[in-house]
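Look at the two complexes coming up: chain A is in both, with chain B in one and chain C in the other.
What follows is the complex of A and B.
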């Protein structure tokens, strides 16, 4: 089980960093950092573990979050990351226009869907599509 | 700070806390948001209304209307009886300035209101619960507020860092709008720059943002006039705003507000900053902080204007408003390259006012200056908008005619010469000599100007008040 959570969180970390890199091209580093900080702050009311996400000019790290999640295996990891991405993209589309945000999401959607379906063992096909 | 509890408090953690408190105090607790909509569930099953609402949530219209009615009448606190006979204490949560919701405390068993002692014990217990919950909420909201202020500080730091370099004006304006969208979740933000008698939208993001960039609004448009008639922000009526280009098709949610801040600095009005937002996302405190962004925008624009003015002054001759010698040489480098690359003709005219020194010595330097200014005006009126004129020094002018062949250049030179000759200058008649040349593939700026200069001296040698071609 811990190995699974390792792998899952690593994949989410890669995903968040991909979003970071893609949006940095449109917005610049300062804005992306502010945006991540905003989403972390907003989500930390609901999932205080979000505050364990570390980020700096080089991107996002889930190292500390992973340590906490290993001690709480019932934590809704997928739900938290899905809400993170949804909230991020909602603001992102206001900043770069929905067309450009869609371009970024197109690249990432496949990966998100795969991650989500993996965690649901393929039972809720197509559900992630409606989240964005 | 939003007064929506769901934006500030995690329902999951809140329900756990509320249920624990309810069990410890042997009461029932229920929270509503500021609009009197249910936020949390009943902590314990309520025996009396078991059949009505299954014990842990409102699912009866009578209950909903009752709570809406009761909560709208609660100033601070009150004791009420629900339609099914449950006695309850209702409290307003938050402060007078920040109303964030309502607390309902009910006993677990039914209190008829007949036993005063029993009711007093319950009310005392409810008051304790209210104080505890209010303190906890206050702590949560303060923590949230700190988070928001930290975000604001970070963005302000980045903006001020960028402002050190005025060449990054675009980046500063973009970061200001980005910050407003990220921190306050505004629906639309735009910054307009004053350019003469117009406001040109330099940056716009959010809904309708793409339609606004580049749009120009006249400074005498009634809406713009109203904005600049005060130093305070203007809250605008949507119908009036729709009269501005780019906002004609504006459709906004009922309740959304549009506020436009005039950007005033020591050098006057430099532009405006507009935001469209839901009243939930910005409150009085935020309004004060928004003013910081407004000030940053104004300073960035004022700095850019000053730099641009200084750059213009460095390129321009003060007396005539024409380009100076250095600038005209730089322009000629580009024009020469273009002419050679695209095989286009390029003509250059060198003009010198005849006997200027004698005029100056006889009638004074002020009269000399007037003559130079008038000559510049005549040149300007005799050439096309694409032609470029410069004052090369003293009484010498250079005129660059891109895309003009020999015949065209001679015609322009003659037109200028005749206009000067026929102009009624004070004191005496004034004439000018002009040297014309056309660029060759082998030319440098120096060789081109030298040839035009030689042609000019040929015109002088041949008796002045004439044009010569070299």
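What follows is the complex of A and C.
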């Protein structure tokens, strides 16, 4: 079980860094960092664990979050990350326009598909795919 | 791109629909130029549209004082205070905790209240707290980025002088710059605004007049003089004066949608000809508007009565409208725009300005006067309004001078009224110098204005009118 969560969180970390890189083109590194800060702050009201996401100008790290999740295996990790990405893309869409955001979302969809092909939870309820 | 509607009439039009959302805008100007009222008008209009604003002051004006001043304006309502209008003192934080705490405080306030608009008044006071330009520039950059991420549209108000607008770092980072200033022109103390920069939207450049009234800010957009003369179709339809011989001289009347100058000395009957033109239109069901800068309505009515013309009927049924504007109050910047507004609203077909010489006396810059006339003429033509401008020719016996400021370039048609000496008598003569697209009469004809109206008489061979 711990191996699974390792793998899952690593994939989410890759996904978030994919978004980071894709949106950096439009917003610039400093602003992407601010955007992540905003999403973390907004989501932390619902999931305190979001505050364990670490980020600096080089990207996002889920190391601390992973440690916490290993001690709480019932935590809805997929739901939290899904909400994170949804919130991030929604704000991004308003900031840079839906047309540009759509380009980023195209990349994300491919990543999300890869991510959930191996995820039983994702396959079963289809919740995550429908969010994008 | 989504925009913040300012709700200020004509300002959104100048801005191509409004201010781009999440932009950082600087409102600059000298003390008393109207910066704070300008922004507060936008803020309260936005509040009525459900948007929340965070208003941060950096100088010692208390909320109480600000509210007291705002109560003078109709856009203000205390019901929005605390809910859609959040007031806070940023100056206290900046002074007591240092400039490096400003951004953190701002972010905390944004997180707390989630405003759509943030105003810092005055931002220039903040600049003075930073040790050097480099640190301040970094702060402005961080501020712009941070607030845009929180989807906030920002207004920074500052008492900047015009020379500072090109050198200070905040102006390089700003998305939009509004510069407000005032100046005395002839007898008027005028306020102007210029949009110096507005990223992400086309906007009307140049100097736009604005007023601060009890209802708030009123903007009168600059009427642009078109660089090239409008190419338009001269319509076949003619608009007659209802003066049989004159209409014959014009081969049926003035072509619809053209500009005509009636030039003449004092007492030659310019106003009378123009009024007859409107009455003839009213008789045919066409709406007419006369803007009189010389004679009030009562005087015009009295003249019409003397000539046997029934004006009241048309004034009552709305086919004729006469507006008297005292030349003392005449402000070309404002009225040029209002003219277009009236014409559009009332669907005017025949329009007279009596006289445009009055415009001239109210404008300090003669080039500006010419630009305005050109712009108005082009706009009237574009709308196919058949227009007469009367012009006073001070040289009673010199037919070749249409006006001293040479504005005949705006006219499609020129009718000249003048005095002629003949057999120890002073007679009046009418001639058509120019009529675009018409095979008009070249005759110089005597005319009379009597209680029976205007009568065009015979040809005046010896008038020597064109010599």
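Convention: the second predicted complex is superposed on the first by the 117 of 132 C-alpha atoms of A that agree within 3 Å, B and C clash if a C-alpha of one lies under 4 Å from a C-alpha of the other, contacts with A are read in each partner's own complex, and residues count from 1 in each chain.
One rule holds in what follows: a contact is a pair of C-beta atoms (placed from the backbone, for glycine too) under 8 Å apart; a residue touches a chain by one contact, two chains touch by 3 or more.
For clarity, every value in this text was computed on a predicted model and none was experimentally measured.
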Next on the checklist: So in the superposed three-chain picture, is A:97 touching just chain B, just chain C, both, or none of them (first/second/both/neither)?
Outcome noted: both
Next on the checklist: For A:41 in the superposed arrangement: first (chain B), second (chain C), both or neither?
Outcome noted: both
Checklist entry - Counting only touches as set out at the top, which of chain B and chain C does A:5 meet: first, second, both, neither? => result neither
Item to check | Per-residue contact with chain A, leading partner among chain C and chain B | outcome: B
Item to check | Which of chain B and chain C A:30 touches, first, second, both or neither | outcome: both
Checklist entry - Do any residues of chain A touch both chain B and chain C, and if so, which are they? => result 28, 30-31, 34-35, 37-38, 41, 91, 94-95, 97
Checklist entry - For chain A, which residues count as touching chain B in their complex? => result 27-28, 30-31, 33-35, 37-38, 41-42, 44-48, 91, 94-95, 97
Next on the checklist: Which residues of chain B touch chain A once you look at their complex with the stated criterion?
Outcome noted: 7-13, 140, 144, 147-148, 150-151, 154-155, 158, 162, 171, 174-175, 178-179, 181-183, 185, 187, 205-207, 209-210
Checklist outcome for this item: Contacts from chain A onto chain C in the complex sit at residues 28, 30-31, 34-35, 37-38, 41, 91, 94-95, 97
Checklist entry - Which of the residues in chain C end up touching chain A in this complex? => result 1-2, 21-22, 111, 142, 145-146, 148-151
